[in-house]
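Naming follows writing order (A, B, C and D), and every chain is counted from residue 1.
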Amino acid sequence: MTTEFHGIIGYTITPFSNDGEQLDLPALGQSIERLIASGVHAIAPLGSTGEGAYLSDTEWQQVAEYSLAQIGKRLPSIVSVSDLTTAGAIRRARFAQAHGADAVMVLPSAYWKLSATEILQHYRAIGAAVDLPIMLYNNPATSGTDMPVELILRIVREVENVTMVKESTGDIQRMHQLQLRGEGQVPFYNGCNPLALEAFMAGATGWCTAAPNLIPALNLGLYQAIRAGELEQAKALFYQQLPMLDFILKGGLPATIKAGLALTGLAVGEPRRPVFGLDEQGRATLRGLLDELGVAL
Amino acid sequence: MTTEFHGIIGYTITPFSNDGEQLDLPALGQSIERLIASGVHAIAPLGSTGEGAYLSDTEWQQVAEYSLAQIGKRLPSIVSVSDLTTAGAIRRARFAQAHGADAVMVLPSAYWKLSATEILQHYRAIGAAVDLPIMLYNNPATSGTDMPVELILRIVREVENVTMVKESTGDIQRMHQLQLRGEGQVPFYNGCNPLALEAFMAGATGWCTAAPNLIPALNLGLYQAIRAGELEQAKALFYQQLPMLDFILKGGLPATIKAGLALTGLAVGEPRRPVFGLDEQGRATLRGLLDELGVAL
Amino acid sequence: MTTEFHGIIGYTITPFSNDGEQLDLPALGQSIERLIASGVHAIAPLGSTGEGAYLSDTEWQQVAEYSLAQIGKRLPSIVSVSDLTTAGAIRRARFAQAHGADAVMVLPSAYWKLSATEILQHYRAIGAAVDLPIMLYNNPATSGTDMPVELILRIVREVENVTMVKESTGDIQRMHQLQLRGEGQVPFYNGCNPLALEAFMAGATGWCTAAPNLIPALNLGLYQAIRAGELEQAKALFYQQLPMLDFILKGGLPATIKAGLALTGLAVGEPRRPVFGLDEQGRATLRGLLDELGVAL
Amino acid sequence: MTTEFHGIIGYTITPFSNDGEQLDLPALGQSIERLIASGVHAIAPLGSTGEGAYLSDTEWQQVAEYSLAQIGKRLPSIVSVSDLTTAGAIRRARFAQAHGADAVMVLPSAYWKLSATEILQHYRAIGAAVDLPIMLYNNPATSGTDMPVELILRIVREVENVTMVKESTGDIQRMHQLQLRGEGQVPFYNGCNPLALEAFMAGATGWCTAAPNLIPALNLGLYQAIRAGELEQAKALFYQQLPMLDFILKGGLPATIKAGLALTGLAVGEPRRPVFGLDEQGRATLRGLLDELGVAL
């Protein structure tokens, strides 16, 4: 199964009203239009950046439906359908499929640490429930569950529609092993922003990132330089955007991306509590970073 | 504020139908009756053992209401109201209060790692929403967020109704620091089963545990031996039950306690997927452990 | 094989001249006399506190010989003979035996992380080279090598004269497992000062500690209270001395013990560089702690 | 101060007689000749691979003197002079300088964990004692001490002749920060073999490695491809040698490199105990890896 997902995969935020209680769907639509206009290669609603974990089931469905309609098949879409229960993830995956998603992404969220068998069965059940390609997502920092390369490859072998791997540990050796042991047949994607340069060098098919909400030209430029074999150019572009990539990693994706969108004129509210928005000092730093990169404020 | 919570605080499971889809409230009632009959000093519904994190909002409310009605003020009750959002935790805390809970327990669940300020504000908001005492619950293994002693004491000082601390890191030094820096004024409770003996020695007010579902006499005996200053007896009772305590920790609380209840004649279903129930080998080991401890099977 | 080592095992420092270059053997003699007079049950030269790792071979032999002569069989002695090479550890163990040591202690020091087989063979070779009982010493914080309980018990079973285990991870569960899986037949000793109370509760035979250089009465009192089954007294004595135990752990044993001895009138120089002695602020804190505990300054 | 060290810096082993007791200096000479003939850009005696930590002072001096004489200024040389004491490291650094070394390398070895101030002072003292450039070496896996980027840059700023940084944590973000915060003025070198490709991409000046003892053409080829901007070629060469780089990392440098040299006809003995040489299975794997890479056996 070949994949249509490659290059820069842009993650959307989920805008709220000022009190954090209501969804702001029109603002969501505007942010998606910005991403599409920027030239990203695919769009991913409801990921970590999209605060999918903090939405009620009803809200989640509203955002999924609205996002897919807005994208309108202009670009490939991949919807994060992670849920703590297998039944919940299946329900979301089916909903995404019914509303036109091209793929779904699954993080094995956990309260109780999951065994390899439990994780495999989780993917197997979701895989059996939909006809879409599934991107397996490894991010122990948010899920609490680290899937070693051996387990990932086992899942890819045993669950037919798990065809893509998003690796967010930040350990480049994981990608090396995916490449080596997967014999170059398992497309992997980088989910750790400050690893963007090296992940592409190591063979990543794409970069899953919320950064294109703010600095799409730099993100796309890095990918194009790598594709063109322009090593020095790639390195220069990477170091240029690295302070911003570090900032959004450390400041938290929803908080920093939402603050950045506000600075560029698109009000999208703040993250939902208990997560805080960026404080004044953080906003000032962010403004400085954006300014230095030539982003119109 | 003095607390009525001390000694052995028994955690309830949440029984499901065989397919894991439906709640089995009558079985829940029976398991609560067993706990009360066993002599525990308080009852805690909807904790980790109770799979609170895996329930829909509606189910959560059904279990909370049913449990509190069943307990019927015969024993002090403390309901876990943790939720990923502050708004959700407040909703649950108010529901628990409205239905007669004597206290609520709050774990700062997190998808995005929370800052100290975010955690403090989370407790402050919940504290302001209810008139009940709150037990702060530190368990980085399930919440992903480790609250150092300094932060815990700050929350206790700044949020009036946070009056109890449940420590589940398993590091006895945390309890030493709570005792020393809290100047003996902050009641702390042990949430790590294999630390039961030493936690009481270090000054823990109580032991929060699901073990009384299976071996209440040994749990209570340990507490009584400590209270009576019977050091050798306490040590002997602890080492007698330690293999069982280790087993339920490693096997997972819902899986092992549910399997144990089934072995003693009370069918309560299995954990909700993706979590698995105990496999055949695990059941055989558990049967052997219970048998050795003289539990009627 | 029964062991004569129990109770409070006092570790000696190694005094240097003011420039850190020369050994000060007379001061060493005085510090040993203090320990013996204080009532400790055994003496351990050249451990971590004794900066054994920082001595040349010649210096090490001088300190070993002098210490053993000074002790003069008045108390059981156990000499740390750890060395990065197996040949070096054997040389030291033989030297200790030839000069009258009653036992030797071995930490598997490592530059390259050692495998279980390499560690076992290290103990086997040393065991074959001497006729003394050997105390296996597990302290990953200084050795870089953590020996799990299973490996420790395998070494105890396979190397006849490894008859004692010193556990310094600070994890009480290790002691539980030594007690359970060793079926109460493997004497273990606590090497983590702030775990003293709980280690004795869990069944530790002794407490290996440098604290008796400064507060021997409190250390011995805790042991005696436990032996007498005086649980409340043990707890009170433990919390009384805990701030001092925490201080010497965090400040570094050679730095804090040497500073404390100087405050009580015995000049023993400073640790050897790169390790620093206690700074002014540290000395002031130490003076306050000693003062509060009634130590004559 | 510009540095003459760049590209592939080959680390030497230290050959022993079969019983591990005696140095085999003629074999050392042969292994150095091989390295020089292979085209590496510099040679580094007595590093981790050279088992410097396992040698007596006398042996260390013999190896240093012999190696420097053998190199005879044909290539730049950098001698590892690490010692647990500051005095010992100074002694070794002066010895290396007196015998013609072009630079020295210093790992802050530690028994007691060192503070930032202690580490800084250690480098300051060594820096004041010699007129050579110093390569600061960060490798927490062997030294037990992790120097964060901030501390490294502080040392580089404050100690004039610390002019190079060898980073062996394997975390590419450390190199990013050295590049960013060092403003491109601090030459850094990669000491983690499986990071070779990405380290060069991130701006590493050289690769410190023992691999050229076995596969110099591949190591040099990777460097040259990067220099020539041949991105695809660099990637292909990297993945070709990665299984070997992983093998020597996991098997231990002295054990695997010594076994590999034996397979290629140069007997150099085994590592010194307690470290084991490669076992039969390991040798067979190594033979297969070398064979696949076209190394003449």
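Operating definition for what follows: contacts are C-beta pairs under 8 Å (C-beta built on N, C-alpha and C of every residue); 3 or more make two chains touch, one makes a residue touch a chain.
All values derive from a computational prediction rather than experimental measurement.
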item	value
Same vs different contact residues, subunit A with subunit D, by half of numbers used	same
Inter-chain centre distance, subunit C versus subunit D - centres from mean C-alpha coordinates, in Å	35
Separation of mean Cα positions, subunit C and subunit A [Å, integer]	52
Intercentroid distance (Cα basis), subunit D paired with subunit A, Å	39
Sites on subunit A at which at least two other chains make contact	none
Graph class of chain-chain contacts, one of line, ring, star, complete, other	ring
Every chain pair meeting the contact rule	A-B, A-D, B-C, C-D
In the complex with subunit D, residue positions of subunit A that touch it	170, 172-173, 176, 179-180, 194-195, 197-198, 201-203, 226, 229-232, 234-235, 239, 242-243
Contacting residues of subunit D [partner subunit C, same complex]	20-21, 48, 53-54, 56-57, 84-87, 108, 110-115, 117-119, 121-122, 125, 141-142, 144, 252-254, 271-276
